[in-house]
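This is the structure I have questions about; it appears just below.
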Amino acid sequence: MNEPTIIRITADPIDLNALQRAVTTPRDGAVVLFTGTVRGVTGAERTDKLEYEAYTEMAMAKLQQVADEMRAKFALIHGIALVQRVGEMAIGEPTVAVVVSAGHRGDGAFEAARYGIDRLKQIVPVWKKETRPDGSAWVEGDYLPGRGD
Amino acid sequence: MNEPTIIRITADPIDLNALQRAVTTPRDGAVVLFTGTVRGVTGAERTDKLEYEAYTEMAMAKLQQVADEMRAKFALIHGIALVQRVGEMAIGEPTVAVVVSAGHRGDGAFEAARYGIDRLKQIVPVWKKETRPDGSAWVEGDYLPGRGD
Amino acid sequence: MLVKLFATLKDRAGANAITLAAEGEFTVRELRALIAAQHPKLAELAARSIVAINHEFAFDDDVVRATDEVALFPPVSGGRP
Amino acid sequence: MLVKLFATLKDRAGANAITLAAEGEFTVRELRALIAAQHPKLAELAARSIVAINHEFAFDDDVVRATDEVALFPPVSGGRP
């Protein structure tokens, strides 16, 4: 069976319509798309813009690993797209997309997309620099990879 | 707070990029989009095209009810879009979209989108006519609404 | 009064609505009987289709007024979850 | 050998890579010490940053060869789930 796996790190805007078409096979009746977006307000904090940087070669390998893990855990899903945007982005723009297609809405596409974004945020080497009214700073996560990650 | 609720029944193609932008508020870092698509192959069956018909006035009221139920059950979600396309559609095209935004990916957007599509498929009066190599027929569901639906 | 029809019912009737001679108030159960009597082609479907009154689902003991917007249709195309 | 730097480490060093005088094989623990000795500005970060060897996460007892592609970076920007 032809089951598309799209892995991409790009400075271009993320096109959800194109990704929906790209992952959908003739057997698919359901597509779940998750997008992370640049949040402008977090509690009392305001963010003006965001810049994403990737360790591209390793990030591509880790995106492929996330896709492999998704397929291993969710046997009924078909197409997968994992796209990370890099460079400067404005408030509200998608920074990352996880897209999964399946025959039916109960075939695990929702769960696979959720798993995919959680893993992506743990192991794919991408960092964001936030610019706020008081200056800019890299945002560091707190997940320390272990063996097998 | 400004929390967009978009309810639409339309003959136009569904534009996921526009819906993502429309539901995203400055507080949002996560958007989940579900799309139902025209499946071309189901087991050994082949579908050539699909036509959707709606009882528009009632369908608009029931889409609004689904959105209200989503907000009542998932308190942390922000924007909602529920879009049903009607008319003729080709294989792979989105027929319906359920879009939910939230501050963070764990704030219930995945669960709300899943709940939304399940309820939409139960109570929103929309029917599809499938054209297969051996003719065309209306596809009937099996959910009988009860009081409160 | 007018009864709107959708999907299979529309195809069976060959029209997207039928007229029904009816006055005052009656139950949804009586509505089904009126349709069956005046539109025999729809008799079987009328007995088991969903009835909506003014855009809300209605049940056999509910009251219909001749001035209500009434519609008859099959279960919606849910698709396998 | 060259050590690639990202995010906070790149800003601290003022460059996206540093050169390291190193030969043969040594452990990741020794790599951290070499960086601290030869690039004092990075000493504190080198002790607690993530090390990747040939695009895989590496741990203190793992072996580095001077010919490997080595990178040093902070935990990725996960964001609150």
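For clarity, chains are labelled A, B, C and D in written order, and residue numbers in each chain start from 1.
Everything below uses one rule, namely that a contact is a pair of C-beta atoms (placed from the backbone, for glycine too) under 8 Å apart; a residue touches a chain by one contact, two chains touch by 3 or more.
Only a predicted model underlies this, so the values are computations on that prediction, with no experimental measurement involved.
Asks: Among the other chains, which touch chain B and chain D together?
Replies: Both-contact set = A.
Asks: Which pair, A-C or A-D, has more C-beta contacts?
Replies: Between the chain pairs A-C and A-D, A-D carries more contacts.
Asks: Going by the average position of its CA atoms, which chain sits the greatest distance from chain B?
Replies: Using the mean of the C-alpha atoms as each chain's centre, the farthest one from chain B is D.
Asks: Quick check: how many Å separate the C-alpha centres of chain C and chain D?
Replies: 73
Asks: Go ahead and note the Å separation of the Cα centroids belonging to chain A and chain C.
Replies: Chain A and chain C have C-alpha centres separated by 48 Å.
Asks: Roughly how far is chain A from chain B, going centre to centre by Cα mean, in whole Å?
Replies: Spacing between the chain centres: roughly 22 Å.
Asks: Residues of chain D that touch two or more other chains: which are they?
Replies: Touching at least two other chains: 79, 81.
Asks: Going by the touch rule set out above, which residues of chain B reach two or more other chains?
Replies: 29, 36, 105, 118 - these are the residues of chain B that touch more than one other chain.
Asks: Viewed as a graph of touching chains, is the assembly arranged as a line, ring, star, complete set, or other?
Replies: It is other, because the touches fit no line, ring, star or complete pattern.
Asks: By the document's touch rule, what are all the touching chain pairs in this structure?
Replies: Contact pairs between chains: A-B, A-C, A-D, B-C, B-D.
Asks: Can you name the residues of chain A that touch chain D in the complex?
Replies: 36, 53, 55, 57-58, 61-62, 118, 121-129, 138-147, 149
Asks: Could you please specify the touching residues of chain C with respect to chain A in the complex?
Replies: 79-81
Asks: Help me check something: in the complex, which residues belonging to chain D touch chain A?
Replies: By the definition above, chain D touches chain A via 4, 6-8, 11, 50, 52, 55-57, 59, 69, 71, 73-79, 81.
Asks: Spell out the residues on chain A that touch chain C in their complex, using ranges where they run on.
Replies: My answer: residues 29, 104-106.
Asks: Which residues of chain B touch chain A in the complex?
Replies: 15-17, 20-21, 24, 26-42, 91-92, 94, 101, 103, 105, 110, 113-114, 117-118
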